[in-house]
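Common to both upcoming complexes is subunit A, partnered first by subunit B, then by subunit C.
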Partner chain A sequence: MGGYFKEIFDGAHSLVAGMGVTLKYLFQPVVTEQYPHVAPTMPDRFRGHIELVANPETGGTLCIVCGMCQKACPSGCITVAGEKVEGVKGKVLTKYELDFTKCSLCGICVESCNPGAITFSKDYNLAGLRKEAFIYDLKKRLEERKR
Partner chain B sequence: MNPEIVRVLGYIVAIIAFVALNAAMLVWMERKVAGHIQRRIGPKEVGPFGLLQSFADGIKLMTKQLIVPEGADVPLFKVAPMLVMIPAVMCFVTIPFSEQLAARNINVGLLLIFAIASINVFALLLGGWASHNKYAVISAARAVSQNVAYEIPMLITAITVVMFTGTMNLNEIVMGQAGGFWHWNILPIAKNIGMVVLMPVSFLIFFICSMAETNRAPFDLGEAESELVAGFHTEYSGMGFGLFFLGEYANVFIGCSLAVILFLGGWQCPFGLFPGVHWFLLKVYFLIFVVMWARWTFPRTTFYGLLNLSWKILIPVSLFNLVLTGAFIKVF
Partner chain C sequence: MIELASDKQKETFVLNMGPQHPATHGVLRVKLVMDGEYIVEAEPVLGYIHRMHEKMGENRNWAQFMPNTGRLDYLGALSYNHGYAAAVERAAGIEVPERAEYIRVLTVELNRISSHLLWMGAYLLDLGGFTPLLYAFDDREKILDMLERVTGSRLTYCYFRFGGLYNDVDEQFIGEVKAFVARMRSRLPMYHTLVTKNVILMERLKGIGIIDADMCRRYGVTGPVARGSGINFDVRKNEPYSVYPEFDFDVPVYSEGDSMARYMVRMDEIEQSLRIVEQAVNRLPEGPVMAEKVPKVLKPPKGDYYHAVEAARGSFGVRVVSDGTNTPYRLKLRSPTFSNLSLLAEVARGVTVADAVAFMGSLDLVIPEIDR
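Then we have the complex of A and B:
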């Protein structure tokens, strides 16, 4: 008989305690982000598709067209091309193409890049109607960003 | 035109409008409470604070086709949602919102509400049976056994109140609680000191039973989304589902308003000042908030737990309460 009442009181107590917890939550501020109205800031570790880093002095690229990223890429996503220009030391980048449909964001290209010319972007708003929309011309994107 | 007919028509229109509006607002309130308990915002896009969300949903429901599944019992299938709605609307006839604001002042109002409300179970059973769907039938069977189990303690506690007040007229029950919260039936310090211990227990039992009667969480085994799709209204689309929904919220309102009338002094002010319909609505919506709060706190009980609670705890305690109440009324 004592167990019967103990069960009732323990049960009732746990119910009241539970309601106390939810009441506390009811008055705490909301933690959700209102996505289309408020864009979240992505953390430093976030890996978007790769992006060319802008030279802080000239605004151009830091890429020296060594081709290390192209060789390092296990999926063959990256195509780099450059040419010799009169009066400029080394090669000048003419084309940097990323096929994002195959990229697995492993980051070996970023690690292999000696001058630090590529990095992960924070771009997460990616949508396209056809496959070609995900083949990025990173050189063009860099120039667009400069403007 | 006969003024009595005008009066009846006026009340019917007003009650149906109130039921629909009340359901729309309660859905919004439920979603807001659910949101904030889970630290979300809840509806916010349609109208200011998302207030028009339920109306948008309602319009969507009304534009949808009512699909009758193959093998269903068509007449029963179509009559079930109406049978949910009709008793819910009829119950409002006797509920006194304030001293003057009641469609009918019936001297057996309490009895009438219990009599009409029990049709609701029948409608759930019909809906589940007629759907020709195994989940709907299981859910209907559950809902019926649950309602039978919880009707008993609810009626017994109602009887204790009737013994205490000496009337079944809801208007008179509220009148008897005039003059401040110490006159209310939940804590009748001014009337009968012996009842101070018993009445809160009665209130608690009544409130729990009304939650179970309306198939609200944590007693929503009839709906049990995770096991039974959506329970008895699995096969209902469009406004068929909409009527089940309206009926549920109307029943929640009726359950809470009965608890307010029987125990919390109806339209009376806690301090004896300015009694009126605002106090009634305030108390009812507070109780409804508690119902929602409970829904978003507790997980669904098991079926055994549900029946054990009723047969092993609520019924013995309420019977004991009934006997003690009789004794206390005699002694004090």
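Then we have the complex of A and C:
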């Protein structure tokens, strides 16, 4: 009989103790990130989708159209194209397309890039109404950023 | 024991739990043949998110498979990164610098803590307790923020490379880890007051879903589930890899074999992981984090290699077969939850649906890893 009452007492005590924890935290500051009202800052190493790096001297791209990123990508989301222009050594980038619908943000492309022409963007607000919204023309984006 | 209906066809009905069910934590379907409140037969139906990860490994080069490993068990992705990287390093004979190994252990253990915290929150949610989830996520958020700063992603990490790491940790990370260990230590008693000692939880878990050691061996069960049944097996101790032998930690083992024992194993493992993390931070050696002379195009010599690691859910093994080219010939992934789930049919027989949920949650199922 004593065990029965002890069980009831211990059980009731455990519930009160649990409520005590909740009560204590009720009067403590809010820990939740107030996301839409307060925008989070992305850490330096945040891996967003890739972006072309602007050449600090000319404002153009650093890309030499070697195609290493295209080859390194596990999902085949990168398409690079270039052409010969007279008076310029090597190839000139004409198209850099990223199919973000397939990208798994692994960052192997950025590692494979010898001239350091691509980097991660800090863009985390990614929403679109159609698939085409996620096929990025990175060359165009670079030019838009320049303006 | 409850007597079940003798004429199955007449007296039983089929109840589908899942594929869309909050307690299965993913697209797992369990076909339950019910006799009133009691389960006569339980049959897990798999394959709803089968993505052919093993086959995918055969049509891309060694490095390109790395992001896939983070998509198997998305809650303990770093252990899976580690398992694959270590298997390929064994195949190619790459030596990893000591600092890199320490950081690997450090981040994997942090990931283990975050995985256990999420399990605890989600499991109690299955059982009907909402509040603990919020506390668990508060702590887990701290880990995710720390790892995000270092690895660049929050969940599906791709941090390890053959021969080392993607990048080094900085002083700020070390400071954050030290602060986290202190914080987590002070929070653990709170979890025990709020959850472990709670009478409702104890009544729901004690004696539910009993698995004995023999059954664990038959099904190849590993990890906290096996350790909750009195099997003292932990890959980190039994087949030491990386720098684990240098750390002082215990393997929590409970012999009851019920859901409460599995709960206790995981809670104790958080404490042990904190110990490892603390030692790793204090003893972190200086040096490079990437081995020198790792070829850009990796071509491991012909052969068959296996490496197992202790993931948050059990022993995760990677078997790689190389034919000497830059693509794996065969990539076999041995995932712990697949074996752990196999128990379900045997254990769930004769229990009520509510208890089956309490049992299934204690297995810590991650469906993408079962289906691969």
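Just so it is clear, the second predicted complex is superposed on the first by the 127 of 147 C-alpha atoms of A that agree within 3 Å, B and C clash if a C-alpha of one lies under 4 Å from a C-alpha of the other, contacts with A are read in each partner's own complex, and residues count from 1 in each chain.
By our rule, contacts are C-beta pairs under 8 Å (C-beta built on N, C-alpha and C of every residue); 3 or more make two chains touch, one makes a residue touch a chain.
All values reported here derive from a predicted model rather than from experimental measurement.
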item: Clash or fit (per the criteria above) of subunit B with subunit C on subunit A; value: fit
item: Partner chain in contact with A:106 - subunit B first, subunit C second, else both or neither; value: second
item: Contacts of A:58 with subunit B and subunit C, given as first, second, both or neither; value: neither
item: Touched partner set for A:31, first subunit B, second subunit C, both or neither; value: both
item: Touched partner set for A:23, first subunit B, second subunit C, both or neither; value: first
item: Which superposed partner A:15 touches (first subunit B, second subunit C, both, neither); value: both
item: When both partners are placed on the shared chain, which of subunit B and subunit C touches more of subunit A; value: C
item: Smallest separation in angstrom, by C-alpha atoms, between subunit B and subunit C in the superposition; value: 5
item: Shared subunit A contacts, counted only where both subunit B and subunit C touch the same residue; value: 15, 18, 21-22, 25, 31
item: Subunit A-facing residues of subunit C, complex; value: 60, 63-68, 71, 131, 135, 138, 141, 148-153, 156, 158, 166-167, 190, 193-195, 197-200
item: Complex contacts: residues of subunit A adjacent to subunit B; value: 8, 15, 18-19, 21-23, 25-32, 34
item: Interfacial residue positions of subunit A with respect to subunit C in the complex; value: 10-12, 14-15, 17-18, 20-22, 25, 31, 43-47, 72-74, 104-108, 111, 120
item: Contacting residues of subunit B [partner subunit A, same complex]; value: 33, 35-41, 44, 293-294, 296-298, 313
